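A, B and C label the chains in the order they appear, each numbered from 1.
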Amino acid sequence: MAFPLPRGITPSEISFLAEMETVTILPRQRLEGLELLGGPVEPLLPPRRASLPLWLALLLKRQRRANILPPPWLHPESLELILEIETKNDEYQHAFSPPPPLPGQPTPRDRRPPTTRPHYTPDGEKYYPAPPFLPQNTARDHIPPGEPPALPFHWLEVGTMLLEAASDDLVEPDQTRRLLKELREVRMAKIRSGVDVLDAAAMGGGGVALTGVGAMELGEGRRFIAGVVDGLRRIGASKEQARREEMAEEMANGGYDGTQDYEDGEMEF
Amino acid sequence: MSYYDIDAILTDSQKLPCTFELEVPGLGILEGNPGENIKAGTRIDLPLWLGEMLSIGARLGTSRLVTLDLPSALSERVMNALKADPRTVELRSLAPHFYSLSERILELFEEEEMVEVLSNTFKKRSAEIADHAHNPQGALGQGADFLRGLDETERQLFRVAHDSAKETRIWAGEAKKK
Amino acid sequence: MYGEHGNKLVQHAKRTQALTHLPPYQTELVRAVAREVRDLDRDVAHLLSQFEGSFNPSQEPAIACALLVDHLCMRRNKRCLLAYHRVRAEKLEELCWTGVDLLEQQLPTAEEGAGGTSGQGMGGHVAMSSASGNHSSLSPEEEEYFRQYSDLLAAYKGQWTDIDLTGSLEPPKDLFIDVRVLKDAGEIQTEYGVINLTKNSQLYVRQGDVERLIAQGFLERLG
């Protein structure tokens, strides 16, 4: 094929998409509001904080027109806590630390199920926003006590880009860099050792949960994991085929197929 | 698509034992004796593309003209070796396209235990491949032997794992683009 | 054993997939495979000739078997030939998209074959006749395919002048970049004005304007 890139998405493409994440900045100059294709950008009136897409925030930072306020998870304390969960917590030995809750998802603290207003497209269809359109990377002043820190979907990309362009805006950048690297290694090792459970994904109707895995990590593991699952599928293909033929035969012969809710006998008076 | 797929074509060129139940004149070339007849009961190693269709297509009344056997790459001896330690078996020397061959063979023969053994083999070896791909010095010593024994499917898996890891490292600034 | 030549062709194809250039066309192998198919066809005709159109397979299982073998071998050879040519054609297309001019690359070997007569108005494409000992990597049909595909691609690209379809697939990181000029290239026109490309000078320019020049080796990106 003439297209040179392999299947899937490259790291620079993942990083490019992550640049759509919203971050908080502290402008140093006034700037008029902008009507961008992705949505309007509010006018910048220092010293008022503003929310911008990351790519614009990085551009302004490089031009020294703004400072970036890091999100609460990008802090050595938060990262240490998350690293502890990843390595020491028994529950997460083979799983990943939980991601930040999605809007509408109950958190352990809620006593009642949360009510969120649904989002609608201009055509009136309901949709559920997902990263990079969730406020997972904006700065927050007050974090309720007991809320655990969590790595958002684009943690590695946002973390790397902020360290590269705005390390002076971060708390202890060297420590942060070291912790991000360690987190990355620990989590990639988990993906590699998880090869064993992939046959659950290869069976018809089965699957493996990848809750909490980040975008760059998915990108790195995608081709390998897909390759393993496909290989297992092909080895078991004849067996799967036989199983399906058996099931089809049973259903054709009027066998119990698990969808009948009542026995025929109950219908009689 | 798989008509043009090079790996599928090469897989089909791998051989399996075929027994002719009847005398067939003039096909001696299959044994390397051009012009001769093939006697009944002769067992020849024929490539999959020929053996499979002969077994399905050629009939003597209702019974087959040609019957097939498992290739040596998937013999009981090999299965036992794989059950013992799948990582030490050199799949490539058994058959360069080992897994694809087994896929085709499992279409022709019912071997439930083989499916189990091969799935387990594939999983264990894939985990090993992942470790080698991540570890840059994996090509030395024991690692080199293991990597040499990989069949074609595993080789592609290794390449993919290695390339993805390298791409991400380059992006993160931990390695230089050549 | 039938199909041996076909197998070799397919192995050549497998190797080609991993390369960044096109190895020489296997004319002799291709001819051998085609010859085998003709021989098999003759064998089929010979086997059937004694029946004069009324062949009953169930009455003659052995002949049926021989016919089946001949037929399967012919089909196998066909598949090998088609796959070999398709892999090479795909490689040609790939090279076309990256801007390589394969036809230009074939010229030096033709000149060597002609006894070292150097550039006396031998510009353009030299006629590659097999009589003069063609050492090119491409078969004549492949050269024609490449020529026509290039034209097709150029016509397709020409529809959009402000985007280069064969350009870089890297997402943009910076709007403006620092570059150094490696070769003198005169003046180039951009949306913001004219840029003068004198060797060793450094410029701060829009990435979109200079991508092509970096790919062609006129500029070097800094930082």
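Brief remarks follow.
Keep this in mind: a contact is a pair of C-beta atoms (placed from the backbone, for glycine too) under 8 Å apart; a residue touches a chain by one contact, two chains touch by 3 or more.
The shown structure was predicted, so the numbers you read here are calculated from the model rather than taken from an experiment.
Counted by C-beta pairs in contact, the busier of A-B and A-C is A-B. Ranking all chains by how far their C-alpha centres lie from the centre of subunit B, first place goes to A. Rounded to a whole number, the gap between the C-alpha centres of subunit B and subunit C is 30 angstrom. Here the spacing of subunit A and subunit C, counted between their Cα centres, is 42 Å. In subunit A, the residues touching two or more other chains are 12, 15.
In subunit B, no position touches at least two other chains.
Considering their complex, residues 1-2, 4-5, 12-13, 15-16, 59 of subunit A touch subunit C.
Residues of subunit B touching subunit C in their complex: 3-7, 9-10, 13, 22-27, 29-30, 32, 47, 49-50, 53-54, 57-61, 65-66. By the touch criterion stated above, subunit C contacts subunit A in their complex at residues 90, 93-94, 96-98, 169-173, 175. Subunit B meets subunit A in the complex at residues 99-100, 102-103, 106-107, 110, 112, 115, 118-119, 122-123, 126-127, 130-131, 133-134, 153, 156-157, 160-161, 163-165, 167-168, 170-173. Taken in their complex, subunit C has these residues touching subunit B: 1-3, 7, 10-11, 13-14, 17, 58, 61-66, 68-69, 72-73, 76, 79-80, 82-83, 86-87.
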